[in-house]
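We call the chains A, B, C, D, E and F, going by the order they appear; numbering starts again at 1 in every chain.
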Amino acid sequence: MKKSIFGIALIFVLAFMILAAFDMRPFGEPTVSEMDDYYIQNAQAETGANNVVTSIVFDYRGFDTLGEATVLFTAVLGITALFREVVR
Amino acid sequence: MSPMVAFVHIAVLVMMIIAAFLAVILKNLLSAVIALSAASLLLSLEFYLLHAPDVAIAEAGIGAALTMAIFIFAIRATKK
Amino acid sequence: MKGEMSIIVKTITKLIYGFIMVYGFYVIVHGHLTPGGGFQGGAIVASAFALLVVTYGNQGVNNYLKKDVFSLVESTGLVLFIAFAFFGLGVTFFYNFLANSGGLFGNPAIIGVNPGDLNTGGTVPIMNIAVGLEVLAALTVIILTMSAASEITKEKEN
Amino acid sequence: MSQFVNIFLIPGVLLMIFILISLFRLILGPTVPDRVVALDTINTLVIAGMILFGAAFDSIIYIDVAIVYALLSYIATLYIAKYMERRTKDK
Amino acid sequence: MTFIFIILSILLIIGIFFNGLGSIGLMRFPDVYTRLHAATKCTTFGSIFTSISVIVFGFYFWKVSGDSKYGVLALHTIVALACLIITNPTGAHAIARAAHRSGVMPKQAVIDDLKEADLE
Amino acid sequence: MIDNFPYIAVAILMGLGFYTLIFKKNLIKIAIGITLIENGANLFLITLGYRKGSVAPIYTQAPEGANMVLPTPQALTLTSIVIGVATTALILSIAMIIYRKYGTINTDEVRRLKE
């Protein structure tokens, strides 16, 4: 009983995702994004880095990277705490 | 996009879906993890074809060695 | 020793693990010029440590790879990252105060397509190094801990 | 230059077909070592394909991805091999 | 221009031919060891030739056009090729040894020297 | 149809992941399912940023005068991948601890043993 309800829900989710896939913009033609164009044109002059992706990760959006570093630190803390009695 | 590049995109995506399907249906856990590694490899090739070499290197460095190592440690510790 | 692999694998490992580490540090340091950066280079160096673990076994690397040292490196990387974020607080958090200043990593970049100059980028290369240290230490601690745990779980059963 | 794009793209398309053939061994393979051999073959073919596409797209920096895969792909193979060796010794 | 075109075509045809042989052998052979033999040897050999074609392409255009990025292309490909040559046979050795240890026998085995010698 | 093929691939990949999460009982299989969902999300983000006839957003030795793909989705995917491996390691560690406590990693049996 429970399994059949889950199965119906899964089929609904899959159907909605595939319908949404047909409704998306065509592959290879994204919407005009002024933010990305600004980054591409000005990143070299403002941060001095040739790689635009790195300049976004570490300069324009540094808070994301800070959160990522915190998550990684917490994961290591969790693993070390789980095995505290096994590993000396 | 030339038709050859389009063919390569579609071939890589189809192969990745086949590998992911194998990772789901195989009973032997080690075989499932091998199929997952193949799916990760083909996903990295797809990132490469979509002109994202940064993400391709990250997926290569993490999906090739580290994910496999972690899964095999877990399988080894939970084997009857 | 128990848990080692065959002599051929050991020889190739001695030959290649240093090269993997050097390539990882190359990816970290050149993160602002070529594809790569802190995350990718850290993952590559951690893979080199994973190679050592699989070749020499868990007991074989116990004397050389200490978890305390890697914990220290991880904390150092995180603190360095946050410190360089605070140094730009005169303008705003995460301000790139070294770019185009002429000092360390301070040359202005050539606009447009160019072969690249290592001495550009301001705080971006320094943060690359900090995040690289953190990621490599974190992933290595994960690998060492899970390896030891799976080993001990296996021994307790027998 | 344009004919050089095609001369590197056609072998790339052929390599995709060979990867598809190798994937069938991953599906069929009766034992685990068969599947590992298939994974190793796919690795090598993908590295060759990456080098060819890097030349075809005229982007030099893409070759770094192929170097990373060539260095790291055999660590996974070593882990599986060690697991298979150990499992029989424990019995 | 046509001369370099012919050389690249020959190198690429050799490489693709051996890669195809490797994957077909992986499909057709009866047991693990023969499949390993076909797949690893042939694909490594074929990949060496396709990489050499890229190296020749890079050096030739470096000489013709004087643009240093083609030289960088050739040097990076040489590094990738060296890594491939070193690591690929090691993986094949490890697979073969592990398959033998885990009890997979060749299909028509007569003599098993490795078991008699008992290399530990 | 053929233009939207990567999005359909994303839908199938995430559908496989959800199927594994719902119907499989083995904890390691569930970890595999979560990895597949992560892969689908990463592929979706990168596909959104792709522009036809463009090159990677790196100025070092790029071809002259070409457009560049959108860089922001790539930067976000980069952090997502590293977080993914950390969470997978945490999930598998919890599975190992469960095996040591209960002697099994089948979710039904674990639930029965707890009561």
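Simple rule for what comes next: contacts are C-beta pairs under 8 Å (C-beta built on N, C-alpha and C of every residue); 3 or more make two chains touch, one makes a residue touch a chain.
Computed from a prediction, not measured in an experiment: that's the story for all the values here.
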### Task
Sort the chain pairs by how many C-beta pairs are in contact and tell me the top one.
D-E
### Query
Where centres are the averaged C-alpha coordinates, which chain has the largest centre distance to chain F?
E
### Euclidean distance of C-alpha centroids - chain C vs chain D, Å
25
### Message
Report the inter-centroid distance (CA atoms only) between chain D and chain F in whole Å.
### Response
21
### Centre distance in Å when chain B and chain D are each reduced to the mean of their C-alpha atoms
11
### Residue numbers of chain A (touch at least two other chains)
28, 44, 50-51, 53-54, 57, 65, 72, 75-76, 79, 83
#### Entry: Residue numbers of chain E (touch at least two other chains)
69, 72, 83, 87, 90, 94, 97
### Message
Going by the contact rule already set, what residues in chain B reach two or more other chains?
### Response
1, 51, 53-54, 56-58, 61-62, 64-66, 69-70, 73-77
### Message
With touch defined as at the start, can you tell me which chain C residues reach chain E in the complex?
### Response
5-6, 8-9, 12, 15-16, 19, 115
### Summary
Interface with chain C, chain D side, in the complex: residues 61-62, 64-65, 67-68, 71-72, 75, 78-79, 81-82, 85-86, 90
### Query
What residues on chain B touch chain D, complex-wise?
2, 4-5, 7-8, 11-12, 15, 18-19, 22, 28, 30-31, 34-35, 37-38, 41-42, 44-45, 48-49, 51, 53, 56-57, 60-61, 64-65, 68-69, 72, 75-76, 79
### Touching residues (chain side chain E, partner chain D) in the complex
5, 8-9, 12, 15-16, 19-20, 22-24, 26-27, 32, 35-36, 39-40, 43-44, 46-47, 50-51, 54, 57-58, 69-70, 72-73, 76-77, 79-80, 83-84, 87-88, 90-92, 94-95, 97-99, 101-104
### Complex contacts: residues of chain C adjacent to chain D
3, 5, 9, 16, 19-20, 23, 27, 34-36, 40, 44, 47, 50-51, 54-55, 154, 158
